[in-house]
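Lettered A, B, C and D in written order, each chain numbered from 1.
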């Protein structure tokens, strides 16, 4: 609420601040912990969220043991979790539910979003638009700290009596209203995380609108910036309803209100002592009003990264830049009117049901267009298969599977059979794991040299990529098969006791082994990451012969203030292999003559949109 | 246009201009007080729910617009901000009416 | 049903399920077509336009917009699936309930972690149920004995019996938290939401015995599964659906001791 | 402090005609609109969902005269706020102090009256847990009160220590007062809707 205050305090120092005060004049705290430099904050976000990703993944590697071997003691480490979680190494159902709920929460709100938006957005956007920093550096720092403490609170919830939240990442009441203390902590944590995202989104929108370099019109923005721009609006307008809902659930839990509790509840034989009169469905509306846009928050920045990497490694302009931009904007709008496709089976009548099915089908079209444009961008390319490119290319079919499996879910009649089965789990993991996570890996391999001034090892990179691709499919494709057979999700026994699941049970082993294999594979990445920090080969300023400002106009790593001189932009973002130039890339800020004749592209597609 | 420009461009500002605005502020202030009395008065008529709600919301809407347009200077605000607000209004209506309309189409509501 | 029916679906044992399976089939074949078409093209591009094969990239790339037609095609296909199948199927589920006198009507009241089934009995009237009367052991649904309509009511735990080839209407509700009743073979699923009572209907076309033949598993059975996370026992919230001939069904119903307790009830 | 010199913190960017803070505050208000929007949506859903006759009319429980007074207080604070800003424009520090001071005082008054209302409710054991109407009443007004406190804090700062900038960077100070004003008017605006919805309907 004190945000305007923050905004005020924001630029109080700016006017006094000397343009390029060097970092090393500051102590450790100012430089690292309380830095207001977007690059430092971006790296803070990146490292923190990578840690959370690994943690969230570990939760599921643990849960997958129980799914593969229901009721069997987990050797060696099992016992370490204590009698309240895994007595004698055997996992308790309540702990399994905690793992599921926290995995979802951590991956979405503490892993992917902070990495994609907080990490890449913070580090790359100002550089790509030729800005010295974010518009509100102090606010930026505040966002990170809100995120950090939100994360700490979430982790702490594992240690409160009764353990962490265990009502799913969706936290549907009444279950979540009557759940143990962990749920309260979850709500508080969420409020921190939401606040962080809100402050961040304001910062991004203002930065992108106000701080673009001279000549950098909207249709000259790198696609990544567009993706971040739309994402910021989704966060800005979709998160507040969940914040409101979290307040209400908090009231239900601590102040005894009945926002989500109807009259006449009987829990374990006892009538619940509440006023009643609430509506459980209200929560679902408010939750999904956020959570559907949220899923596009998970994918749009990823698509942005993919576009950058593909353009750079095909050495040619993206195919249909404008179509991409319009599609991403269209997705942004539409994502606010499809939320109830998660609620088809709450007793919806035909009319609203038809409405939400239709919007859901419509929103799939822009995604098809984006995928198509990205694939067609490969035509006529001169592809370099370096590690970032490999992850970027793999993203396309993987997202394809994830997206396509969204269609049967979007058709409510088909959803009757598939709702809340592992098919849903398979669907969205294909988009978020081999989809988004791969895109994030691509981004790390791509921008690591810029951020650290050192290259990552290609060998380790490829050792990381191929097994990851294999195992990802090993985990998630079977989910589609199990779901098709009707196996429910969130089953502590992995479906072992169900008649209809018998034929597909054996897949559980495949999936679990793949998950552990995937975990092992990440060692290549972690080693590569830390080894390259120290020992990686020094990187050139424009390591990838790229056209966008972060590469062409700033050294690696960029100094405080980013650019020695304010870059000026003369053309669109992806002027690769321009005819009549022997150098195969023409940076946005290169004033050379060829600029003129590539001004607004000739022929199809229009590579540099007309101004 | 109004003093907005002057402010934005930090140019020097002629007081007469401000004074004109101050007069407007006072008028708006009076209008708001009157309308407040009006809403309360209406509520004592105990109209049937429908009209009562409509009327109360209408008055509130008028009051709100007065504050937004004059105190918050929206009438003379930059296009960009009006666009942001237009988008917001769209989403606001979405979150306000979406759940309700969906709920009206419930297969069966118990107790109602 | 048709050649288009998609592999990997569970046995089909309900009248409406065929159309539903067809829809799932059609959309998946569409998905396959798209994926493999794009996939093949994608692989071709990877080979054809690798650096070794194509040292210098072409600034203009593909010069046709033919793909726009592909996109329009996808849109059309989706529109057909939507208007031609999904929407009608859905309205058949929620709007076209069979008349109650032609159907077997029962209430299913979900609780952590069991399914209470309540038959109206011979008089076809559900006895009154009231929260105050609920006793987790003796009277799980709070049936009011005082109500004459309750006298012949049958209340069972996790046991739903239905006659084959006769429509069944289940009035679904919940006592505590949200559950979701599913019977995969019947292609039905419906959330059970406290405070609401939602009807779900279907016509079983295959008895449990026939199911066992079809699957070749002596232990195969229809199960009432819970699809919505409802607490620590969610995974074991399982009931049993026995589909049998009309005679067998009547016999079973008679054999059930009329539950104590009974007009119109709290649970719907 | 090190921050690179960030453009358009005071003077507007030519093509948008806005400075960063102005755009920032409006975006923040946009998110606030969605926050209260969701709560209003909840109000609607709970009210139409309530079994007939179970939803109490606000007036029967709540104190309309007090709330009317409070509305007047908040409206006045809005006009004094905008006057304070006008005084910045006219570079009249004395008037600025006066109006800003009044604004803060009105805020205090509003909170006191609210506190009295709350107290009365609690005495009669009318708590958030009593029924969903009171639940949404306390949630909405409580959240609104938090906003009032936040706005007051900012305003008080400009009235006191913050006003140092009056001489050092007048234009920027004026912008900030305008920004704080926008937030304050929004808080007023929210109340303008809360009042009839909760008390009169």
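Note that a residue touches a chain if its C-beta (ideal position, glycine included) is under 8 Å from a C-beta of that chain, and two chains touch if they have at least 3 such contacts.
Keep in mind it's a predicted model, so treat the numbers as computed, not measured.
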{"item": "Central chain (by mean CA position)", "value": "A"}
{"item": "Chain pair showing more contacts of the two, B-D and A-D", "value": "A-D"}
{"item": "Distance from chain D to chain B - Cα centre to Cα centre, in angstrom", "value": "14"}
{"item": "Geometric centre distance via CA averages, chain D-chain A, whole Å", "value": "34"}
{"item": "Rounded Å distance between chain C and chain D, as computed from the means of their C-alpha atoms", "value": "49"}
{"item": "Contacts with 2+ other chains: residues of chain A", "value": "209, 237-238, 241, 263, 279, 281-282, 285-286, 289, 347-350, 353"}
{"item": "Junction residues of chain B, two or more chains touched", "value": "80, 87-88, 91, 95, 98-99, 103, 106-109, 111"}
{"item": "Residue list for chain D, restricted to those that touch at least two other chains", "value": "10, 16, 18-19, 23, 27, 30, 34, 37-38, 41, 45, 49-51, 182"}
{"item": "Touching pairs among all chains present in the structure", "value": "A-B, A-C, A-D, B-C, B-D"}
{"item": "Chain D to chain B touching residues, read off their complex", "value": "10-12, 16-19, 22-23, 26-27, 30, 33-34, 37-38, 40-41, 44-45, 48-52, 59, 64, 68, 71-72, 75-76, 78-79, 81-83, 86, 89-90, 171, 174-175, 178, 181-182, 185-186, 188-189, 192-193, 195-197, 199-201"}
{"item": "Touch list for chain D against partner chain A, complex", "value": "1-10, 13, 16, 18-21, 23-25, 27-28, 30-32, 34-39, 41-42, 45-46, 49-51, 54, 127-132, 135-136, 138-139, 143, 146-147, 149-151, 153-154, 157, 162, 169, 172, 176, 179-180, 182-183"}
{"item": "Chain C-touching residues of chain B, taken from the complex the two chains share", "value": "106-111"}
{"item": "Of chain B, residues touching chain D in the complex", "value": "3, 5, 7-10, 13, 15, 18, 21-22, 25-26, 28-29, 32-33, 36-37, 39-40, 42-43, 49, 52-53, 56-57, 59-60, 63-64, 67-68, 70-72, 78, 80-81, 84-85, 87-89, 91-92, 95-100, 103-104, 109, 111-112"}
{"item": "Chain A partner contacts - residues on chain C that touch it in the complex", "value": "6, 8-10, 19-20, 23-24, 27-28, 30-31, 34-35, 38-39, 41-42, 45-46, 49-51, 54-65, 67, 70-71, 74-75, 78-79, 81-82, 85-87, 89-91, 93-95, 111-112, 131-132, 134-137, 142, 175-178, 180, 182, 184-185, 187-191, 193-196, 198, 217, 219-223, 225-236, 238, 266"}
